[in-house]
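Here's the structure, in structure tokens; my notes come after.
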């Protein structure tokens, strides 16, 4: 008879981990739904369905046990992250294509659960923003509260994509304004337009960011994630944005603006902390988080895309194996190996 | 007592399940019908059997003598008759056989003459030898011969001696009860170790979930008048691992590449100290030990059990529930399912847990690793188990060593916390034993290569020597013949200059025939030489440079052959070979 | 004129580069082959000659010169695998049957002490002298079977080395993900 | 001169078995750069075919005269001369396409496919066989590049035969997908080319595996019939 020790096991499983990640997303989703209406919930459903279908197909092709892997919840987490990073009124096929791409190419072609070198959700985002830049930049105008039926019609392509819809995220709007203004525009003046920017970083968006923060802290408390990546991410983002803001407050927005806008909070707690594609050593996690925060700022402020979190995380994913290799922690009993024996 | 405790990283808190078996005091297990005593019960050399089937033995009588320095003697657990010395299934995960002495008890349980001594009158060497002869080994589970640990490092002074009463594994309570009921003897045993090692401090670590044991030990320390410190350490698995306890009590970390004495610290189990005291002060070798019998049973309890008792008989004492489907030896974190229920209790058996699916639910299937890092956080040795898993799984053993697989103590913390249900420890054990096997193979191959090259060198050398000898002989012959021919020519009154005489070429016509004959003779001579050389070569001188063991084996066989009337035939076998 | 210039440039280039090539061919000449040692380290050193070469080293040399890597039965499939990894060649199935590790045993009742096996043993693992019974030193025997054919009385036989508790190895965990039963029976 | 069997082997190797793009994975640089539509791919392949056929025949004819040590400079010289000719030819007759293919025509000199075939085949075989080898290797490259290009432009733009007007001025690209197709831009970018090439390689391996499986299931029949010849 072959039964390996230990016989006692902690009550935990991959699906439990993934379920808790989903639960942690709920506050953010709630704030998001309050802000833009039920469209986001529709997108979540579309993404989940697409993910499950793609996952089933890929598992079937590979002859892997369906029930075991479908119930692990990792596809749902990917799908939700995609839905939350895409524009809420994006056409249904865009979300579905992104999700299928994430599951099929970014996850299963690399070997499935646990083997993907890149964060699948961010691959989907990157692919879609490269391929469909226009659609990926159409955010609902601030204060636009379409009823569910209209939102559904927009998502399903039954209604014309009204002009009111082609807004941009506050982050993008700010960048565009600063760029077009070529120095004539002032951050403070722009921010004074509270219709768009609210008090901090886009009317209502700060609540979404706050929701993610709550969920992230809960995950930390549940030991699903460690403090390293989020803290390093936030710290580096604050550091670089703060430095530039102090240098030239007219042209660079404050750290608070950067923290509360775009995907910063979602990225810090839910995307950069993805263990499969990220770093695993404590020091590695710090480097990973700091690098992602820094790159995210550089791309979103100096780059051509509306937000930089996705590309920053993907770039750091590339470096993760090397960082891990170089930051292997000293093991028990070998910490003072270099100093020689104590007398 | 205020003392600064250290922490080790990682660790887990599985449900302890200890109270079940703590309710009743230690009981003597009844005499089993048969005792199967494995000879190999400790790390190191396998003891040689010194009894044969049919011998009468007394309790405590030596039945297996230690083989080498790292080896410990084995004794008859009771008086009776040796039924056989044969291979029996071992309480080992392999389920393989090993040599055992099977004893049928006569029921009298009659001791040999026990010689209590005052160890203070003995030299340290004598104490160590007595411990070896009494079969005292580490009873925490590692069964390393204790006398081998009782020598301080020559360069590093002994600072602390750590006594392990932590007993961190769930379910096990035998050390707890030992300390509660026999604390004084434990303390006296620790005294022996202290006197041999001369540490500056003696620290007795007991997990803080055993307050009674700690109190009993404190009282005993005071009663005996020692200055040992009894320290309660936080309950956290694996605080009872020797390296973890050393870390907690002294702050020192012992890596796999070092011995703890190199850091001036040594660690013993409380049960080991107890048996050492019994062995020295009472002259009783290790023939029994405390075993916790728990798990899926009605009456969990600790028993004093004779070594060699079949486990199934023992388990019956605690009345297992009907759905019991196996016996786990050791704790639930590091133990293993024994291959057969009737395997004997050995010195390493600290606990028997009746296994059932209700108690230990079957594991869910293994999922892929999601690199969540839980295992790395739980690892008390701060390893990266998921990396080692990755490479073990891919059989990339060199890489596993780069990630320090040999520092893994197989405590099972990583498997315990893994959400993907990966049997990580299993992969590490697999990798380790593969690496060891390869090491063995490599050594064997290197040795074979060396021997092969030496043989080739020897053959070359012999060939060269023969050839040289041959050439010399031929030359000598030729010279001789030539000289003879010259002499003959001179006798035939053919004047020849001396210079010419040395070379046979220009000899005069009458001697030509002679010279030819001489040449022929020389070739014949050479051929005979060659034959002789071949014969010599065919008699390999391979009976030299043998180890005494090999010599003995050869002699033994020769004598057997002689008695069997198989005297080597007188036929000259060398002819046959040509 | 242009053409002439082009030809001149080409010729000049040819001269300069030719000189560079000549220099390189002398300076970077490869001597010896460290590969052979690496190959030999993988071979099991049984010296059995089953590969058709008189020992492991000659076979290692042959492999370095392009001989097939699947001719060493004692090395087994794993040996082929490791050679393939080292040399970047394709793994081929072993050219012979793979046998478990064996050791030679001399039947003490039949041995006539002829010393023929002693001469045959490539690693000097047999002790004994003329007209004396011979003994095989188990630890040194590589199981090459070279002592079998010379024995006139066929007193040597091979025994598979059984696993014992000390040489026992933990098995590869078998809790593999099982394929979904999708029409597997069909 | 050349047996049927030999010819068939050379053709099979070039077109499928040792296909430069999806079996040997050679010459990825021009592959990724020019296959944004089928026409570009085909035209570059045609240029490469001409160069390969000519350089193979040249090298095969001279193979016994070239010292082994300096074969690479000599090969390069031959290839470079031929490419210069092709380059001038494209510039003169297909100027628009010449501008599109740009640097990739001169780069044929260093295209590893050309050098690989010269080194691996032409240097060891007679001229006729070498010519065929060059042609069929090029044909293998041609259909893979054409297919890849077609897929990329279809996914990326919804058209086929984009750029055909550069070769045949009176023809127009065909819009296959509806005008409202948003265009999957990724397919036109190098990552898209990599992904699609990966899919094609997977497809080839899958076909080969299936063929091997078929051959395994009924092995004796074809061998016996081959023995009858």
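Details
Think of it as A, B, C and D in the order they're written, each chain with its own count starting at 1.
Heads up, the rule we're going with is that a contact is a pair of C-beta atoms (placed from the backbone, for glycine too) under 8 Å apart; a residue touches a chain by one contact, two chains touch by 3 or more.
Here the structure is a predicted model, which means the values were calculated and not measured.
Between A-D and A-B, more C-beta contact pairs join the chains of A-B. The central chain here, found by comparing per-chain C-alpha centres with the mean of all protein C-alpha atoms, is C. We define each chain's centre as the mean of its Cα atoms; on that basis subunit A and subunit D are separated by 42 Å. For the pair subunit A and subunit C, the distance between C-alpha centroids works out to 53 Å. In this assembly, the C-alpha centroid of subunit A lies 55 Å from the C-alpha centroid of subunit B. The distance from the centre of subunit B to the centre of subunit C, each centre being the mean of the chain's C-alpha atoms, comes to 31 Å. For subunit B, the set of residues touching two or more other chains reads 363, 365, 367-368, 423, 426.
Those residues of subunit C in touch with two or more other chains are numbered 171, 173, 177-178. Residues of subunit D touching subunit C in their complex: 69-70, 73. Chain contact summary for the complex, subunit B toward subunit A: residues 8-9, 12, 14-15, 156, 170, 243, 247, 253-256, 258, 262-263, 326, 328, 330, 332-337, 339, 353, 355, 360, 363-365, 367-374, 376-377, 380-384, 386-387, 403-404, 407, 412, 415-421, 423, 425-426.
The touching residues of subunit C, counted against subunit B in their complex, run 40, 43-47, 55-56, 108-109, 112-116, 118-119, 122-133, 135, 137, 139-140, 142, 152, 163-165, 167-173, 175-178.
For subunit A in complex with subunit B, the touching residues are 1, 3-10, 12-14, 16-17, 65, 68-69, 72, 74, 112-115, 223, 226, 275-276, 280-281, 328-335, 337, 341-343. Residues of subunit C touching subunit D in their complex: 17-18, 21, 25.
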